[in-house]
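Chain naming follows the written order as A, B, C, D, E and F, and within any one chain the residues start at number 1.
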Amino acid sequence: MKKVFFAVMFCFISLFAFNIVQAEDTAVMQEEVVLASDSAPAVAVVEESIEAETPKVDTGDTAFMLICAALVMLMTPGLALFYGGMVRRKNILGTMMQSFVALGIITIVWIVYGYSLAFGPDVGHVIGSLKWSFLNGVGLDPNPDYSSTIPHQLFMIFQMMFAILTPALITGAFAERFKFKSYLIFLVLWLTIVYCPLAHWVWGVGGWIRNLGGLDFAGGLVVHIASGTSALAAILVIGTRRGYKRESMPPHSLPLTLLGTALLWFGWFGFNAGSALSAGSLAASAFVATHVGAGSALLAWMFVEWLLKGKPTMLGALSGALAGLVAITPASGFVTPISAMFIGIAGGLVCYFAVNFKEKLGYDDSLDVVGVHGVGGLVGALLTGIFATTLVNSAGADGSFALLKIQALSALASIGYSFIVSFILLKIVDKLFGLRVEDKEELQGLDLSQHGESGYRF
Amino acid sequence: MKKVSAIIKPYMVEDVKNALKEIGVNGLTKSNVEGFGKQGGHKEIYRSKEYCVQFVVKAKIEVIVQDEMVDKVINVIIKTTRSGEIGDGKIFVYPVERVIRIRTGEEGEKAI
Amino acid sequence: MKKVFFAVMFCFISLFAFNIVQAEDTAVMQEEVVLASDSAPAVAVVEESIEAETPKVDTGDTAFMLICAALVMLMTPGLALFYGGMVRRKNILGTMMQSFVALGIITIVWIVYGYSLAFGPDVGHVIGSLKWSFLNGVGLDPNPDYSSTIPHQLFMIFQMMFAILTPALITGAFAERFKFKSYLIFLVLWLTIVYCPLAHWVWGVGGWIRNLGGLDFAGGLVVHIASGTSALAAILVIGTRRGYKRESMPPHSLPLTLLGTALLWFGWFGFNAGSALSAGSLAASAFVATHVGAGSALLAWMFVEWLLKGKPTMLGALSGALAGLVAITPASGFVTPISAMFIGIAGGLVCYFAVNFKEKLGYDDSLDVVGVHGVGGLVGALLTGIFATTLVNSAGADGSFALLKIQALSALASIGYSFIVSFILLKIVDKLFGLRVEDKEELQGLDLSQHGESGYRF
Amino acid sequence: MKKVFFAVMFCFISLFAFNIVQAEDTAVMQEEVVLASDSAPAVAVVEESIEAETPKVDTGDTAFMLICAALVMLMTPGLALFYGGMVRRKNILGTMMQSFVALGIITIVWIVYGYSLAFGPDVGHVIGSLKWSFLNGVGLDPNPDYSSTIPHQLFMIFQMMFAILTPALITGAFAERFKFKSYLIFLVLWLTIVYCPLAHWVWGVGGWIRNLGGLDFAGGLVVHIASGTSALAAILVIGTRRGYKRESMPPHSLPLTLLGTALLWFGWFGFNAGSALSAGSLAASAFVATHVGAGSALLAWMFVEWLLKGKPTMLGALSGALAGLVAITPASGFVTPISAMFIGIAGGLVCYFAVNFKEKLGYDDSLDVVGVHGVGGLVGALLTGIFATTLVNSAGADGSFALLKIQALSALASIGYSFIVSFILLKIVDKLFGLRVEDKEELQGLDLSQHGESGYRF
Amino acid sequence: MKKVSAIIKPYMVEDVKNALKEIGVNGLTKSNVEGFGKQGGHKEIYRSKEYCVQFVVKAKIEVIVQDEMVDKVINVIIKTTRSGEIGDGKIFVYPVERVIRIRTGEEGEKAI
Amino acid sequence: MKKVSAIIKPYMVEDVKNALKEIGVNGLTKSNVEGFGKQGGHKEIYRSKEYCVQFVVKAKIEVIVQDEMVDKVINVIIKTTRSGEIGDGKIFVYPVERVIRIRTGEEGEKAI
């Protein structure tokens, strides 16, 4: 327990230190930020602030965002079911628990300091200050910096749901072998030093990618590229499962996986359309793009697999739908339905090949987080640079080579940062606590060894 | 008395049961098993990865019958389940020393 | 593959041809339509257009409709689970896949030409033109013809979810024996030549049933009668399952079926209340009617089964709830809660007896699509003619013998059209590609034979 | 059947009698009530009536409440799955059916007379009159007494969902042994003579606890304390399961329980935030409190179990989340997020110990309804008296010793009333119809013995 | 050594295990099976259609014991599970040639 | 011919199958069973209540082999699965009277 304490402290101290060092410049920064966000082609959120002069809670927007927050919450147990169905029976609870527990851990971290780090007053364009710790100053009136028609706390909790889901996505990569205790430590640290800064860069007022004009409507960079890249780091650090490539490890319950996909798809409407932060045309457009992206990727994956492997599998269709949802995420608020179809198809195909390619590299990305979220997120981020149009979202930009370059740069930065920091973080956690369960525990399964329970007793 | 135990394809169970019923078999016990054998090598595809599922889902049927019934039972099972393809399964015959019906305490032939 | 191409082309060409033939009259038509819809007692959608002079997106209505669209989306996987639980273990994936894949196929068909055929500018009162293909002209501003307070694209996607669900409903009838490839072809063709015209008749501006004054609030004709009748055609063409009546084929997982019912019921609120296209009194009234209809049919089926078979079964309660939801669908926006109770009870009882009656006819309607959707939809359509009241919906009508006649006529037309066209369509697909899997594949189960997967590995 | 008739009649007659006896005073009452609710620190609902002078349906609020009602509906099947996963395989359908059938029974009871008893014109501060039977006068215009921005029927159906869920909660206590027929009778009677009066006391205009100033935002007293206490009565009357403490009775499917928890959590947003009856700051605040309460209790239970039993179990995490949701329910509209965290932690810890303590008393509270809902509801009701602040809800009150006393008194009254009436009621039903299934049926399982079905056929 | 194999009602398993434990049986193996026998004909109702479920869920208990224990074991099983109704189940006794405990390699009596 | 039946830990199945394959065993049948034995007493925790799960999930492997293979098979199984801890499992050997391959009708050695 001492070690846990030490590690956590270390991170906190570094963050605080950085905050203090930068503290003096903050006043100046703030002004800069205001200028920046006025001039730069800022995202979704700005749109509202132009419309509504005096921020007043709008019942329609608030109704929408409340339900969207609930929908995004549902994605985390949806993910638990999605992943849970794909592992072997003996690991179902261990796998589901890794997602579910994020609903506890991140919730607390987020209100204590996470939200402040990610969205709080900018410090050096890279992180939020700790001024909003314990939701200090995060009240029930709208904060026009983010949205002028819904309570600030509602924006905070909507974002919390993203922060809960993102690290849970990573768990698919190291499924069936991660020690629960170490996972909890990883969860807290990863959120603190990978997610919060990244979210700040892209969405926080003053964040450098936001200022640069990088477009990420609902989290292609922050959610999918971050989780996918960190998953890659995790695979490299933790190694393959015992028996990988020797034993077959088929999914133990595809109906669960279908159910999980359904809940994810359903929740994704909240995720993407909700990222409009208001119930208007932009939300409708994002909703349509999301659905079309998912549907077309579903077909793309299914048909290419049918062609190459001889059968149209259900898991393929489910994976395709997911890949489409991932790919459309950064683009959803900037593209037309027909563009969404192309992005979906691209997402489905590229992810299909990525997943197959991994096989050859010998990495044990158990549930294909890199191939689906990492690659899918990247595809989406880049294609946003091509398909974006101000006809759909006047606060966005038009696809161009310049935009594409910005998108590529933003993606690269996200990839680099997530990979390096996650890699180091995991190495440290491994040294201090060990990432893997014992061989015997792995054989017995995570359910019994980590949680003292069995999934089923038929 | 003998136990005739057959490892067959699961979807054959109903047919076998009905066929055995017709020749006068009044009881049998079925269980779900997985078999590894010549048939080994059926493929499943998950996430575009082909799994050589070496264990195939099979049903095991166990019938305890009097010695003179054994051949009949074997023939019926073969007739019902043979498709000529690998994986049709096997039949094993074991000796049984005693049979008791719990309900009545009857032993031997009467208990079958 | 050539054959597929041929078949699809054939349909397209006929449709195009029809469009061209009628092209000259269109200008005239349009005017006629306007007159018609002014004079006729038009449905729900008109109500709004009277209230709001200049169409402006309302955040409350938009919030509501966005979530409703998401809810209706969820019904399709809900149906997959509902049906999946009722088949034998070896067919669960095959069964679920038939629903799930509709989320891909129909999504694309709908944006490419389906929406245009169903809701596009009227051609001869029977079909929409192809002017709105590729969502051409279907933008983010409201289209007052359908709803003046939500983006047109939102109306489009809300309707898309109906188009996805409806053919998926049919699959229950021919469960456990349909070839996947042929199913995909059937799916596209059925949507094109059965669903789209029918939707146009009933809901499209200019559709003849709409002009006639036939009431169908949320799809009793278009969704339930159409799917139920087509299911009947399908059963006749494809024949019974191998071993039908000889082997017992009990459901393999009723908990899945309960879950599916729950999601269907939940989604149905979006389906029925959402058909008000706005978040006001009408939606609330439809919501209440929906719930009351479901609840009372649940009891009706459960009690009649208890009386006649000796046990109150859970599957009976689930089936009853579904029958009630079906029966109340066409009526939901026109009746009081107490009328809804009577419609629910009637739906529950009549469907119960219909399902039992089928038994005697020897049809293998595997999961009772005819008995529940066909019969339930008919009961609902007729009772709407009796129970409708303008106190609930001023744009509706009051129950009367005249209205009942219109309802009967509309139902009859829907039944006749769906049955005949589906029957011919299935015969053709059968000839060209074969509808059934091989005997051996049927024995092995759809999961392994069609998709190369197993549902569970416990 | 005669006996059923007799029992039901008895209750009806008593209620009617009471209504008639009080009838004369009603006119006077009404005025009193108006005065009372003006002077007393009335709950949530009042807030709106101040804002909006002339009641007009607001699309945003209506959109929100429609979806919230749907969300709360989903909680009942969610509960069915939650409980269903925890019983033994042979009882899954019997257990799920007890929840599911409430969706039928209570729906009808509620529209026939339940809503009127609970929320109808006050009679003697303890019950509503029967004036609103058959939803007489419960129309589509807002009723400003309860909410001035949504249709009255919408308020009615939102409350219906609570009435459906509450008795279903009790079933966990006597799982695996209750006769289905007797359960139906119990259901109707309990709702009539326990729930309706209690709801009237706390939420009905004129109810004495409401007048007293007792705070119960979303049902700590009415839902959780009532169900928990009645569960205790039920356990005492019905006795332990055959084999209790001798055989092990582990849950048969924890994935189902996770799914159930997910749906409950999701639905709880509708339950708590929806209790604001409008889509504004109060709803947002309740939403945040709900989520934070759940998340922190999840951790509290998990960690204390880890410490004391050596493993962090998934069922523990799920139970903790539920305990947190229960504890935050009465407080959700009155407290800050940080207070919610403390309430959640307290709820998680106290319920953990309560559940353990039961073990020692030898009660067979099969799925821990007393320990989670009874105790959790009590913790929440009391802590509301400490943490409530008018900064969050101006219609609430500030935590104080006085408020705490009121809360304690309200809780005590609810406990006393629910326990005594439930106890007597169950004794009577036991005498007349028998509560328990036969020993042999219990051995065989409820699924086959009560419903003639099996849950799974793998 | 003999194998006593009993097909019984599933909910009897715990009782049988406890009863056998009392007479000194230290190990047994249980599996889930489905039986067809005289009991055949239990009905289930799905969508108002009555299914004659001919296979009934049963448990199979296998105990390997020394020859002299066989009668004792049989009696205990009968005593615990007999209800006198059809479907109580049956007991079969088979010869066993060798028994080996994997952990220690012990053979025969010591391995039981 | 004999049937070698081993009750082992479920996660050993793949290893055993592979090891047996190496010594020339071409078929085996696996089933899921639950065992009660010395290992008894593994605990699970549900709602903070500790359950002494006395039945432990095990796998049963059945191989029918010629008499001369029996020792080899036993040794391989022991070698693969022995961890020295309680619960490693047991091996039972039963006589088998006949073996028939359904597909071909072959009997005896050829059918194995």
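What we mean here is this: contacts are C-beta pairs under 8 Å (C-beta built on N, C-alpha and C of every residue); 3 or more make two chains touch, one makes a residue touch a chain.
These numbers come from a predicted model, not from an experiment.
Q: Expressed in steps between touching chains, what is the minimal separation of chain C and chain F?
A: When the steps are counted carefully, the minimum from chain C to chain F is 2.
Q: Counting residue numbers used by both copies over all numbers at the interface, does the chain E-chain F contact come out same (over half shared) or different (under half)?
A: different
Q: Need the CA-centroid distance for the pair chain C / chain E, whole Å please.
A: 52
Q: Whole-Å distance, chain A centre to chain C centre, using C-alpha means?
A: Chain A and chain C have C-alpha centres separated by 35 Å.
Q: In whole angstrom, how far does the Cα centroid of chain B sit from the Cα centroid of chain E?
A: 19
Q: Where in chain A do residues touch two or more other chains at once?
A: Where chain A meets two or more other chains at a single residue, that happens at 58-61, 63-64, 67, 250-251, 253, 259, 309, 311, 313, 315, 452-454, 456, 458.
Q: Using the touch rule from the top of the page, what residues of chain E touch 2 or more other chains?
A: 31-32, 44-46, 53-54, 94-95
Q: If we use the touch criterion from the header, which chain pairs count as touching?
A: A-B, A-C, A-D, A-F, B-C, B-E, B-F, C-D, C-E, D-E, D-F, E-F
Q: Please name which positions on chain E make contact with chain F in the complex.
A: Touching chain F: residues 3, 17, 26-32, 64, 94-103, 105, 111 of chain E.
Q: Where on chain A does chain F make contact in their complex?
A: Against chain F, the touching part of chain A is residues 90, 243, 246-247, 443-445, 448, 452-454.
Q: Chain E touches which residues of chain C in the complex?
A: By the definition above, chain C touches chain E via 86, 248, 250-251, 305, 308-309, 311, 313, 315-316, 319, 352, 355-356, 359, 368.
Q: Touching chain A in the complex: which residues of chain F?
A: 9, 11, 14, 42-46, 53, 57
Q: Under the stated contact criterion, what part of chain D meets chain C in this complex?
A: Spelled out, the residues of chain D in touch with chain C are 57-64, 66-67, 69-70, 73-74, 77-78, 80-81, 84, 92-93, 96-97, 100-101, 103-108, 111, 134-135, 140-141, 150-151, 153-154, 156-157, 160, 180, 253, 256, 259, 263, 450-458.
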